[in-house]
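Below is a structure I'd like to ask you about.
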Amino acid sequence: MKHLFTAALVSSFALAAPVAPTAAQAEEINVLMFGMPYTVGLAKLADDFEAETGIKANIDVVGQDVFESRITLSFTGGTGDIDVVHTPVIQVQRWIQAGWLQPMTDLVSEETTSDILAGPLGAYDVNGDQWALPFFAGVGLMSYREDLLEAAGAEVPQTWAEMLDVAAKITTDDQAAIALRAVPGQGFNMFIFPMVMRAYGGTFFADYEGGDLTPAINSPENLEALNVYVKLINDYGPAGAGNFNFAEVKAAAENGQVAFTVEGTGIISQLVDPAKSQFADVTGIALPPGGPAGRSPAIGVHGMGIPASAPNPEASARFIEWAVSSETVAKIAMSESFPDFTTASVAQNPEVIAKYAAIHPDFLTMRVAALDLAIGHYRPLIPEWPALGQAIGESVNAAINGLMTPEEALEQADADMRDILGL
Amino acid sequence: MTSHATPRRGATYELQRGYRLMMVPAILAVGIFAIVPLAGMFGLAFSDYHLIRGTNWDFGFQNFAKMLSDKRLMNSIYVMAALSFFGVALQVLIGSAVAVGLQKITGKWRVGRILFLLPYAVPHVAVALIWLSLFTPTLSPINAFFDLFGITVPAFLTSQWGAITAIVIADTWTNFPFAMLIIMAALQGISPDLEEAAAIDGATRVKTFIYITLPLLAPALLMVTLFRFIDSLKHFPMIFVMTKGGPGRSTQATNFYAYVQTFQNSNVAYGAAIAVMLFLMAALISYYVAKLNQRVTT
Amino acid sequence: MIDNSPEFRVKRGIGLTLMLVLLAFAAVPTLWVLILSFRAPMAIFQPIWESPLALTLDNFFKITRSNFPSALMNSFITAGLSTAFAMIVGVPAGFALAKARLSGKFVASWVLLLLRMAPPVGFVIPLFLLYVNAGLIDTYMGLVFAYMTLTLPLVTWSMWNSFAQVPDELIEAAIMDDANLMQAFLLIALPAARPGAVAAAILAFLVAWNDFFYALIITRSGTATAPVAVMNFISYDSVDWASIAVASIALTLPILPLMAIANRYIVQSLSGAVKG
């Protein structure tokens, strides 16, 4: 026992030594990102950054849930152990409000920002300051099975109303028509459902752009949209569709269980890639359906920001500039499945164009068309959004699964919104 | 309890001091790393700490007052009660059945008991993902198998009771081996003579089990039930991975709801207050476990 | 007793069927994980009887190139050390609690139980701040200390029960013979409670091995444990099912021999503790 004790004591000191405080040194920065093709590709290029600047970058790529918990803790603790942080646009207002980010307006050069798409860049411009630089803009697209459409004698639906008709034609006992995200969450069903909402002219607030943030979730337009969403999932979706998330949607499309999906570019690009999906050669890409109020593809923007507690913002900014530079982004676009870049000049890179045209000829054009149509505040850019999106998503899911009628669900969502906003 | 030997007075004092010294390291270790965060939790619960609304550090009972009129909290307690009750009941039932069954298996087949232990070693996140795929009709091999015979297995995760059932099953799968282990242990502690004596006296097997075995198993069964029950108050990964609290809010158990309040709604103080409530419930139950154990060990 | 009556056979048949059903319940998901781990990406959700040959070893090679193996190593180190420390500190404490004349014993057992039952959501933030100030974030020792809040109450509690089975007379006799308390503990009591000690160590190891929550809070890339690394296979727009299956197997396999060896001891020691 005594020997064991001594051994344990000695080894404990030995272990404590090499992993003592990880606070960033001047020539070392810690980057925390969550897993997506760009971040995976970026992590592999860390040595390039060191070679170029002499700053060592520890790029940590984690799962999204792990990420959420870590940043909440690190930021509330003000630990300064993160120098560059993955900053989704839907979180940026909340983080600014909580005092978790520092502006980078004076830290990044005009040369860098001028090469970034104006829309995604502008989404991070809050109160006249730049809070992050985007690297990713994923948009909503629709994938459809050409063979199944042809067999049913149907055209590619342009509106959600047409989608209901086509879906009715395709659906049989053995074949479902469409898979859509249904599980509650602002990044799950609330990434997809607003496409239907906005197509019917529904909004979250009375007048978002005019500054009137009175909830308008229980409007007749939203009710119509919710009825469509519920009907599509329940009547024309596969068994169990009421609990689908992106993983189940993707699997349903890959296994040929559905004819349509409306999803982010990240998933659509995998469905049309012959290396990844067995139905790729008969899968087409189109814009997501629209409605009386037009077409509003989903958009999700991701960027990189500098935490308020980061001790060396200069080094952080150098890293971000390098990470969104034309050269770095092009390398990642080539090595990973990453067509969602926001660095404009990369779109002119012939190698990149050739690569994605080879996967599917329509992919890049459809993506650009969807980006043009997408509105920046697809999901409202306000600090309370994560809480609001969670609450509304729960109601939408309750309507899908018959726990409430769509009317009741929207009334509930309205009450929750008022509660969260303190109205 | 046997009486303590009392050699010389001084020696007894020395001895008792020795015992106390042996406890000091444990008290220190637990004190620093467990008591401090717990104290912090209680502090937060009485505060107004909110990540985006701003914090004035007003201390009071406001969070607990809010809990009284919070319908979602009531709903979450109801969900938690359902998950705990059915989960624990199934775990104890299946655990006992397997333990009794394995007792009859001897020889080289004993190795087979490892198959029943396997689920206990799978991490909860993986357990949840595995069962999520098994409960998703389009992915599940179970559905595909029954489809071969034209039988359609219903979707579980799209109705409240279906989703609760699914979570209960996943939770039971990974935790019944714990109940099994403890009940196996208790069974071994029961002398076979007793059962044989009863059989000789003409009691049927069922009667022997009910009147002889079961009363002897009772402390173990109660212990397992209470242990599992307290653990079930912490339900989280299954819900988080399998349903995200859905359909609607129908599987948001209290612990999950506290997480939503803390991390999604930024209301750290309110989340802590809910956690305090859970802690007090755990305290109440562990009081009875401790009482029970006291009776058993003395 | 040999019983060959038809009635008995029917009952035995029912019992056997029930056991087989329960075995299926335990084994089907296990089998499913095994299948997933060998499935080629394109066939991952096809029924195995439709494409029985779409199998590959790539999933295993792929995971060796990720950070999962180092996370597995971290799990071993932290679970092992926290078990060792919990034994060093907790076994004497359990002994003392079982044998000392104390008035607060009931409260002590209550506190020990309560400690492993507090809901984590509430104290994440205070715990994290404590660790930041102590410089323990992303260190092995930080995680080991955190695990001790789980393993130490468990070890102390179960050793208390084990030592309670050791007759007081044994200890007293040793002390009468001029042994000091330490000698009585190490040479007399501990060997008598050996099965209990093995069982306690294994259960403590399992608790630390399975932990997700503390590792999530305390570790960063340097010391992340395997259960946290498993979460990293769920990314923004994909779930890497095959890697998750392989990881589950990798997390389960090391436990198996441990369980096989310890099974006997666990049963032996628990049977003492819960005999009634």
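Per-chain numbering from 1; labels A, B and C assigned in written order.
Following the convention adopted for this analysis, contacts are C-beta pairs under 8 Å (C-beta built on N, C-alpha and C of every residue); 3 or more make two chains touch, one makes a residue touch a chain.
Predicted model only: the values in this text are computed from it and were never measured.
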Sort the chain pairs by how many C-beta pairs are in contact and tell me the top one. B-C
Which chain has its C-alpha centre farthest away from the C-alpha centre of chain B? A
Using the average of all C-alpha atoms in each chain as its centre, how far is it in Å between chain A and chain B? 36
At what distance in angstrom does the C-alpha mean of chain C lie from that of chain B? 14
Can you pull out the residues of chain B that are in contact with at least two other chains? 138-139, 268
Which residues of chain C are in contact with two or more other chains? 45, 85, 124-125, 129, 231, 234, 239
If a residue has to touch 2 or more other chains to count, which residues of chain A qualify? 65, 69, 76, 251, 255
Residues of chain A defined as touching chain B within the complex: 65, 68-69, 72, 76, 94, 97-98, 182-185, 188, 238-245, 248, 251-252, 255, 257, 383-384, 386-387, 390, 394-395, 397-398, 400-404, 420, 422
Complex interface listing, chain C residues touching chain B: 1, 11, 15, 18-19, 22-23, 25-30, 32-33, 35, 45, 47-48, 85, 89-90, 92-93, 95-97, 99-102, 105-106, 109-110, 113-115, 117-127, 129-130, 145-146, 148-149, 152-153, 156, 160-161, 164, 167-169, 172, 175-176, 180-182, 185, 206, 210, 212, 226-227, 230-231, 234, 239, 241, 244-245, 247-248, 251-252, 255-256, 259-260, 263, 266-276
Inside the complex, what are the residues of chain C that reach chain A? 41-42, 44-46, 77, 81, 84-85, 88, 124-125, 128-129, 132, 135, 137-141, 144, 186, 190, 216-217, 220-224, 228, 231-239
Residue positions on chain A within touch of chain C in the complex are 1, 4-5, 8, 11-12, 15-16, 19-22, 30, 34-36, 58, 60-66, 69-70, 73, 76-77, 79, 81, 246-247, 250-251, 254-255, 264, 266-267, 270, 276-278
Would you pull the chain B residues touching chain A in the complex into a rising list? 51-53, 135-139, 143, 152, 154-160, 163, 240, 243-250, 260, 263-266, 268
